[in-house]
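Listed after this line are the structures, all set down as structure tokens.
Each of the next two complexes has subunit A plus one other chain: subunit B in the first, subunit C in the second.
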Partner chain A sequence: MYRRLLLALQSATLRLDTWVNRVLPQDFNPLYYTGGLANLFLTILVVSGILIFLYYEPSLEGAYASVEFLTHHVPYGVVFRGIHRYAADAYLVAILLHLFRNWFTDRYREARDSQWLSGMFLLVVSGFAGFTGYLLVWDERSQLLTSLTTQALRSVPLIGGWLERVFLGGPGVSDTTLPRFLFLHIGPAMTLYVLLWWHYVRLRHPKIWPPAVWVLFSLGLLFILASALPAASGPPAQPGASPEGFQVDWFFLWPYVLARWTAPGWALALVVALVVYGMVIPYTLRETPEQRGLRALGQAVVVEENCTGCELCYYDCPYNAIYMVPSPYPGKSRAAANRKLLAVVVDSRCVECGICIGACPFEALELPRMLDKDVQQRIRRGAGAAAPVAS
Partner chain B sequence: MAAAPERMETQPRVVGFLCDWAVRSEGLLNPDDTVVGMPHVTVIRVPCSGFVKPGWLELALRSGAAGAFVCGCPMGDCLNREGNWIMEDRIDQLRKRLSRQKVDPERIAFFAYGLHEREQFLQAVADFVDRLRGSGGKQ
Partner chain C sequence: MTEDRSSWYVALAGFLAVLALACVALMVYGEWFDRRLVASGAMGVLLVLYAAIVVLFRKARLTAEE
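Now for the complex of A and B:
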């Protein structure tokens, strides 16, 4: 059932691609660059964030006023604030497109699970940073979000009280709270770069930028949005007040809508459950490739006596699954006697694509269940040469 | 189908490689690798277009095929991220090598079609065969 659903989703995803490709040239299809788009928006966030940081004052009395000053008195301050806000939304949309695309096109399990897991961490940390950003303004919305979060954390068994203290930076909302929030916003943002290293470590040449046209288009769109719909604060937070409604940013604040309907603890539990489910997705379908209708051709194998150590396979493997190691012993073959390096396939990274086989000019790599000599025979048969020809 | 044997003599033979993830291939091929309805075209399915050795394309030409091609997924959508870009590069290099050896580089082709683009794929193959025949068919 689940499997068939996934197949249908895959088919639909690729159908969508076909439509987009009819309008745009293939190289510019943004759905092929969702990771790059996410990275682009993250970069815009960091740059605009630094500019805002220069004016921000993390204190209960000063925070609101400093954001207002930035918005109304600093030249283009309102534009930078708007860009920071809308880039965050665009960033989340890009990540989610990226997530669903990789999920539906079967790029998330087996050798690729490390990218998926690091991706889930990226998603969680990004979502958290997006939420703490709304606390920094310290308007009524920030106040309400703070109190809902505090309630949710308090309802966690055993460590609830401790979590609350960590979140608020003290036993209650105090002078140390906003510096803590500022850290909880910028700290996760920096953590993203550590996680991105993990995300990319098994990818050779990750496409971290979309085509230039899309960079310009996205920047332009953000400028227009930020100018046309200026980002604004709500009424300032009042000590002791308990505001009721708030303007929802559906991308980051949806758990809080839920928290308002039910108990905050339930919203927290739901978010945790979703994240945990996301992390086990790669391990939910325990099927062999044959059951999935794939031809499992086996991981690439190096034919030791033919390898000359030319490194071509190492440059082409998209998953960094090939390591060049010092040739361990004087081999018996000529190739082995003259080489300095030997190619080694790291099984846990190999996705069985065979790209390294196409790269190797010395017949030193094979997919175990689709051997070079069998392919050659089929080629000769197809080309009309009945008997094998000497090559 | 009865007329196939005679037709085959007039149609240039072509050997192609088709990525498992590209065009949907149920019912596309006969058990002997030939394309249903195109007995002169052999298509070998591969796990990724990047699996194809340029040497195999040369082998096809040397063994009597008029042309050889590789078909991968749309550019940007390679399941293995880079397979079709890498293959496109390799084919460019192979073409240059062939023209230095006075072999017509137009005998090698690269296509990129997705799961839902079988019609377009078959059309592209038919056009390729036509082009080969136009340029003198077999060698």
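Now for the complex of A and C:
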């Protein structure tokens, strides 16, 4: 059932691609750059965030006034604030498109689980940074979100009280709270770059940026939104008050909408359950190695005598599993005698796909359990190359 | 047929370029008369128009895939 659903979603995704390709030149299809678009919006967030940060005052008395000052008195301050807010929404849309696309096009299992897992961490950390951004304004909405969050944290068994103190920077809302919120906004945002390193490390040629046309369009759209629907604060937070009015950006803050309907603890439990489910998605379809098309051919091995250091394998390995190092000694073959570089396979990254074997024009790479003679023998036996090989 | 379309795409791109110029005028106006949201909105429209022009040029085959 699940498998059939995934297949249907895959064909719908591909049909959508085809349809977009009819309207736009194929290399402009934004659906091919969902990761790059997320990265673009993240960059816009960082740049606009730094500008806002220059004016922000993290204190109970000063925070609201400093955001108001930025909005109404700094030239184009309201535009930067709007760009920061709408870029956060666009970023989330891009991440979700990226997530579903990779899920539906089956790019998340086996050796791609590290991208999926790092992606889930990116999603969680991004969502958290987005939410703490809403706290910084210190208007009624911030106050309400703070109170719902502390209720949810308090309901966590054993460590609830401790979590609440960590969140508020003390036993209750005090002068240390807003500096803490500021840290909880910027700290996770910086962590995203460490996670992105993990996300990219096993990808060869990841498309980190969308084509220029989408950079122009996205920036333009953000400017239009920031100007047509200027970002504004709610009424300022009142010490000791418990605001009731609840105007949230449900798209970012849906757990809080849920928290209002049920109880904050339940909303937190649901978020945790969704994240845990997200993390196990790559391992949900249990299949035998045969069903998965695994051939157990052994990691690629460089035949050092033949390697000329031409780097073709290095460019072609989709898993970034080949490094070029300065050649410690000359090769044996004529072509390899004067090489400057030598290819080295990083075993822990190699998935035994054999692409580098096809890339190497000098017979300098082998899959140890699939040597040339095996292939020839197979062809003689009339067996297809994709059939499983007993090791 | 393709030929016809190409010239149509170029004509449309030309029209968008004129609109883009109008946006530049609006940006100057907005900045001059302290209507900054007009200026930044015009800047947004300008960027979107540029994006559309890039697509139209490609469709008209004036540019090629990188």
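In this text, the second predicted complex is superposed on the first by the 303 of 391 C-alpha atoms of A that agree within 3 Å, B and C clash if a C-alpha of one lies under 4 Å from a C-alpha of the other, contacts with A are read in each partner's own complex, and residues count from 1 in each chain.
We take it that contacts are C-beta pairs under 8 Å (C-beta built on N, C-alpha and C of every residue); 3 or more make two chains touch, one makes a residue touch a chain.
Keep in mind that this is a model prediction, so the values were computed, not measured.
When the shared chain is aligned, subunit B comes close enough to touch A:15, but subunit C does not.
Ranked by how many residues of subunit A each touches, subunit B and subunit C are led by B. In the superposed model, A:351 makes contact with subunit B only, not with subunit C.
After overlaying the two complexes on the shared chain, residue contacts for A:66 are found with neither subunit B nor subunit C. Judged by the touch definition given at the top, the superposed model places A:146 against neither subunit B nor subunit C. When the shared chain is aligned, subunit B comes close enough to touch A:204, but subunit C does not. By the touch criterion defined above, A:105 lies against subunit B but remains apart from subunit C after alignment on the C-alpha atoms of chain A. In the superposition on chain A, contact of A:228 is made with subunit C only, not with subunit B. Legend: residue contacts after superposition of the two complexes on their common chain; A:27 is shown touching both subunit B and subunit C. Common to the subunit B and subunit C interfaces on subunit A are residues 27. Within the complex formed with subunit A, the residues of subunit C that make contact are 36-38, 40-41, 43-51, 54-55, 58-59, 65-66. Within the complex formed with subunit A, the residues of subunit B that make contact are 13, 15, 20, 32-34, 42, 44-48, 50-56, 59-65, 74-77, 79-83, 86-87, 90, 112, 114-117. Contact residues of subunit A toward subunit C in the complex are 24-25, 27-28, 75-76, 78-79, 212-214, 216-217, 219-228, 230. By the touch criterion stated above, subunit A contacts subunit B in their complex at residues 11, 14-15, 17-18, 21, 26-27, 29, 32-33, 105-107, 203-205, 207, 294-295, 297, 316, 318-319, 351-355, 357-361, 367, 370, 372, 375-376, 378-385, 389, 391.
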